[in-house]
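You will see two complexes here that share chain A, one where it goes with chain B and one where it goes with chain C.
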Partner chain A sequence: MSIVAVKLVRKPKHTYIKEKKVGEGTYAVVYLGKQEGTKRDIAIKEIKTSAFKDGLDMSAIREMKFLQELKHVNIIELVDVFSTSDNLNLVLEFLPADLEMLIKDKAVIFTPADVKSWLLMTLRGVHHCHRNSILHRDLKPNNLLLAPDGQLKIADFGLARSPNAPLDELTSNVVTRWYRAPELLLGTRYYTGAVDIWSVGIIFAELMLRTPYLPGPSDAEQLDVTFRALGTATEDTWPGVSSLPGYNSLKIYPPPSRNELRNRFLAATEKALDLLIWLTTMDPSKRFDSSEALLSDYFTEMPRPTECSHLPKKSGQVDEALKRKREDEAQEEAKKKELQTAKRRKA
Partner chain B sequence: MTKTPDPEIKVTKVPKTTSTSVRISADDLYRQSTQFRYWSYRKQDLDKLRVQINDVGAEMTAQNIANALKSEEFKEQYVPGSIEPLTPDEENAIVTFYARKIPNTGQFFQMNSQIKATGIAFFRRFYLVNSVMEFHPKLILHTCLYLASKSENHFISINSYSKRIPKSTPESLLRFEFDITTALQFSLMCHHPYKAMYGFYLDIQTYISDVDHDRLNKCYDKGKGFINELLFSDTQFLFSPPHIALSCLWEADNELISRYLKRRFGGNEKKTKTTAPENDKEDEVNGEKDEAAESEAAKVREVTFDDMRRIIKQCSTIIKRALNPTITDARAIDKKLHYCMHPEKTLKRKREDTGTPDPANVKAKMESTQAQDPNQV
Partner chain C sequence: MSADFWNSTQRSQWQFTRESLAQARKNVLAIEKKMGERGEISQVNIPYHTYMRIFLHQLILKLGRRIAVRQIAIATAEVYTTRFLTQASIKETNPYLLVTTCLYLACKIEECSQHIRTIVNEARNLWPEYVPHDATKVAEFEFYLIQELNSYMVLHHPYRSLLQINDVFKELAGIRNSDPHPEDASLVLSPNELQNCWSIINDSYITDLHILYPPHIISVASVFMTIVLQQSSPNQNSSDPANFSLGLDSTDGSLYFSSHSRTLHSAIPEVNPFTGRVEASTVLSEPSARITMFTRWLGATNVDLEEVIDAIQEMIVLYSMWEHYDESQIKRSLSVMLLGR
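Take a look at the complex of A and B:
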């Protein structure tokens, strides 16, 4: 069998140099490195195949399976896959920052055009997933990575799924709590790409607010937080909702008025609010799909989305610029003082 | 959401078809899939590939014989030429024979048709990269199904899986999992014709609004049966899932499907090629003009009614040709394969026949009977 084993090891297309270990997850170790020759920055996810009792891990399988199929500027690129002894190596493009880092860094100012640009790129990525009938199921700012050129890339397909039939039963225990759509919170087993769209809506709100929009303190309370902010779903607004498993003993909150929403999102234009309302519509069958969202007027009204190369990038860079400025100022100050003391001495 | 944010009033929903820009078609998307890029061939290329794989397997056999010849005993008794490598057709037959075991095993674990189909696809793809003379199908079969079941999101622990697979251990089942994944070029997404067939099922009702539902359902069920059978043929390597689905429906009820195709594609028929207009003469379908298209036709962008019928026709001929080797044939091939992989066993077998007492015999006997009876897997 030894000959066979040699034959089967898939050689990488390029040589990669691991430079430093940046993380160790449950099933993988992540290294930063370079592609030899092209000098391209890359990240290598090394998956230990022998470490698991049941063979290849499901998350690793999903990530590999879906990224192989999805080639899009707004989806993280799987540059290469190769095997070394009993390790599976996924070579991914290097993405130094994510949207969560930027949202949290209050030193970075977002203009409405920046928000529009990020939302547009997110929706383009989601649209590509959905037309390939792939649901991401874990969209959140932390999984929206930013390339050095400013492009936004959807990452982490460890929870993704491709439903085979429209009536394929799925688990409702997906998506990080704050970004989980109401149908999931209510425990539906049959859902669509609308769950991803909801997450995009909540991310849109977060980009405008600079703080999480529906931060439920626990899984149990997330539904209450959601309904309190957006109004309790009823049979009138969402036919069939009352037959979902989690729909019982709910507090009835009124939906927010247009003015209430205007006050919540002071910088938002009317078109921006329209889109937000569509993305966060309770009834998944009425909620916008990715094409409808991409065609919304918000994207065609002024201002134009910021060119991605002009978008705020890695938060650290801004800090450094500030630091340098302050250092320069301090030097100026010191120079002035020196001059003054010199003058005084002369005097 | 009863008051202001009722979107029906506030904003007019954008109709999905107003944009003038060119949209990527489902077919364009399919062309980006790994199934199309890595696992779709023209007929002649597929045949060539099988010959190449077979050459590698034959080399392996030659090497096995060379190794065995190092033993004096074998050297003395070996009749040159008595161990022949399998032919490409025999390889294909034995792979198909084993592949046909997957549905039963899958049924046992309550796997849906998608999982079973993926398992079969993995198994058959593996043998477009490796020869059965390198890896005996028995070593690969159940691992392919296990990997397929994980890939299709139907998790079973290896212990409970192994318990139900005769003569297996968790280790033996996982031994080649990584090698299989590598042979599959890490591409695990499989598009089967079931989904496409369901799409046609709905589309037919749109285009023939007064369709007889009993007849349509019958056609659909029969079509699904054809798909199940086609998993063991080369159609998946030669045609796209919608083509296969449509051909299966056609085989099930060609009158109905012909009516549907006329309505669906006949209306704005575009003559992109210089094919003689066949129009709707039913008998032409079974006519003789098929050589030009091959699966190349699958790569033509503008789909015309004529193209459609040509593809269906080719695909249908394969439907009737799905391999189903008999147990007797499979046993003969399996025996031959056993000696390719273990040339020294021919001797032991001889010795056994002459009744030489040898403790190794018992084991050899067990193994050879095992090899001869593929049914026991």
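Take a look at the complex of A and C:
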């Protein structure tokens, strides 16, 4: 029996030089390199064909699918895709740092204007995703990368999804725990971009606090941590909440008073608090959407957001940091892969 | 899917003009010839013509129905097949493996992913001699496919614009979500008409329309064909050969036109579709009033009418060729190419 297969090698738009291996995940090896000719710094995610006896991993597919469509200054750019004889290469723009590194780097001081600038760039990126009806579903400081010129870029679209219809059932098992919206924690199967907005709100709080806002120690306890900080959702504040699958035997915490919030976020202006409250509103239908958030008074009051070229940068050695980040990514990917396989098995 | 077709890669990267498409096909044929001379591919003549495309369409439909995937995944798989074959010759591939892989990837992209084993097993049930048992063959082909698609995979389909158009019709008729009464000279499509449009769109995947025009052009063409061509037959009996009419072919589920384009020409001029001007004194029968309404509506939109006409022509040519479609020749030559017998 002769089964004819194709062997075609398409020439990439440019040639690329892999200079240095910086990390290895379950399905990909990441290299830093340069685009020949332009000398542009790039990162290459090399996807091993041989690793996919069962077809290409969904997160790799989603990354390609969405990044090819989404071109925006606050979303990581997929520069090119090319293949060699036995692997597929995603050429991404080079982004040496991420927001998590900066938040943890206590040698770096954040001014309120810096926080505003990062939040604004995040919301612009999220807005672009949402107006293209794409949910990111994994926003967290670690996925907000920083370009050498200070621009913030949303990265990692491995969990992203565009709902086909408003009534499409989706898995609630998305978003890294600490940034997971209450409707997801309660196990809803129908959700919207509001889940991303919640994550943005928690990131906003983290930028002001310099420490994670709702660090639940386990999936089971995350809901309790969330309600303890922001008040237990009830039928009064969120009609319909009691019919969600996870809504049972909950401790009832009162919502924090304005003063309590003021004490929690000492540096925040009243307008900053307003925005934070709207971003972390329990009821997803009342929560701000990306347009409302972008139009909030917080962004028009003084101080102006810092010019991105003036934003603080990581203090330590870049290479070290990069290495750590890639290791984290590799771990993340391993986790995600597990999740995918589990899901596939379930399906 | 990204919500905006105009900024999509479907438009910026994968929309051909008739000329650039002809050029791409010429290149493929040139490669095919070279490979033939070097003896790298079979000498069997496997033209990529309308019949072959009907054949591929039916392969995808068959497999899609077996694994019961959503129409949208089938549609996406069909466009992948068409795109792939603008870059590679059908003789370089195993068409059975090609459609299996296209459907496998399309399911992932349209978020109704199927395990690779499921698809391979179902494909093997249908075409045991052509689809290898080894699922890695499909996994491997997936890479080639993504490569040939240049990793642009998101597609916008006419189904959604069709529903949007009908929503506009409903708004025009001043009714929302309530029972439509098409007999009130409203443009709202009846369930039957909607089904007709839907079937025309399904069939349009056999053609190049999806790599030539934006999806709404194809929806408008389907609505035009349904409203104008169907209504211009005074008696809607699809078996009446004297009239140009639409019907569902019970044997293969495809839509067919039971008459020749000659009849079509006699049906359209009375309408003068693209001016929409009708003398006020003219007494119109109800169907032509609806056609007038439709053509007025169409004229007032910014829809590119040249493209719509071209799409309609393409579909009519397809339907008239379909009447003489015979798959036995194709099956024979594929068997010779792939199995040597």
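Convention: the second predicted complex is superposed on the first by the 308 of 347 C-alpha atoms of A that agree within 3 Å, B and C clash if a C-alpha of one lies under 4 Å from a C-alpha of the other, contacts with A are read in each partner's own complex, and residues count from 1 in each chain.
Simple rule for what comes next: a residue touches a chain if its C-beta (ideal position, glycine included) is under 8 Å from a C-beta of that chain, and two chains touch if they have at least 3 such contacts.
Computed from a prediction, not measured in an experiment: that's the story for all the values here.
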| item | value |
| --- | --- |
| Chain touching more of chain A, residue-wise (chain B, chain C) | B |
| Partner chain in contact with A:286 - chain B first, chain C second, else both or neither | first |
| First (chain B), second (chain C), both or neither touched by A:68 | both |
| Partner chain in contact with A:296 - chain B first, chain C second, else both or neither | first |
| First (chain B), second (chain C), both or neither touched by A:56 | both |
| Contacts of A:261 with chain B and chain C, given as first, second, both or neither | first |
| Footprint overlap on chain A, comparing chain B with chain C | 3-5, 8, 10, 49, 53-56, 58, 61, 64-66, 68-69, 71, 81, 83, 88, 131-132, 161-162, 164 |
| Chain B-facing residues of chain A, complex | 3-5, 8-10, 49, 53-56, 58, 61, 64-66, 68-69, 71, 81, 83, 86, 88, 131-132, 161-162, 164-165, 230-231, 233-234, 236-238, 254-259, 261, 274, 277-278, 281-282, 286, 288, 291-292, 295-296 |
| Complex interface listing, chain A residues touching chain C | 1-8, 10, 49, 52-56, 58, 61, 64-66, 68-71, 81, 83, 88, 131-134, 161-162, 164, 168, 344, 347 |
| List of chain C residues in touch with chain A within their complex | 1-4, 7-9, 41-42, 72, 87-88, 91-94, 97, 104-105, 108-111, 113, 115-117, 129-130, 132, 135-144, 146-148, 150-154, 337-340 |
| Residue ranges of chain B touching chain A (in the complex, touch as defined) | 1-7, 10-11, 13-14, 16, 18-19, 24, 29, 32-34, 60, 63, 112, 114, 130, 134-135, 146-147, 150-153, 155, 157-158, 170, 173-174, 177-179, 181-183, 185-189, 194-195, 198 |
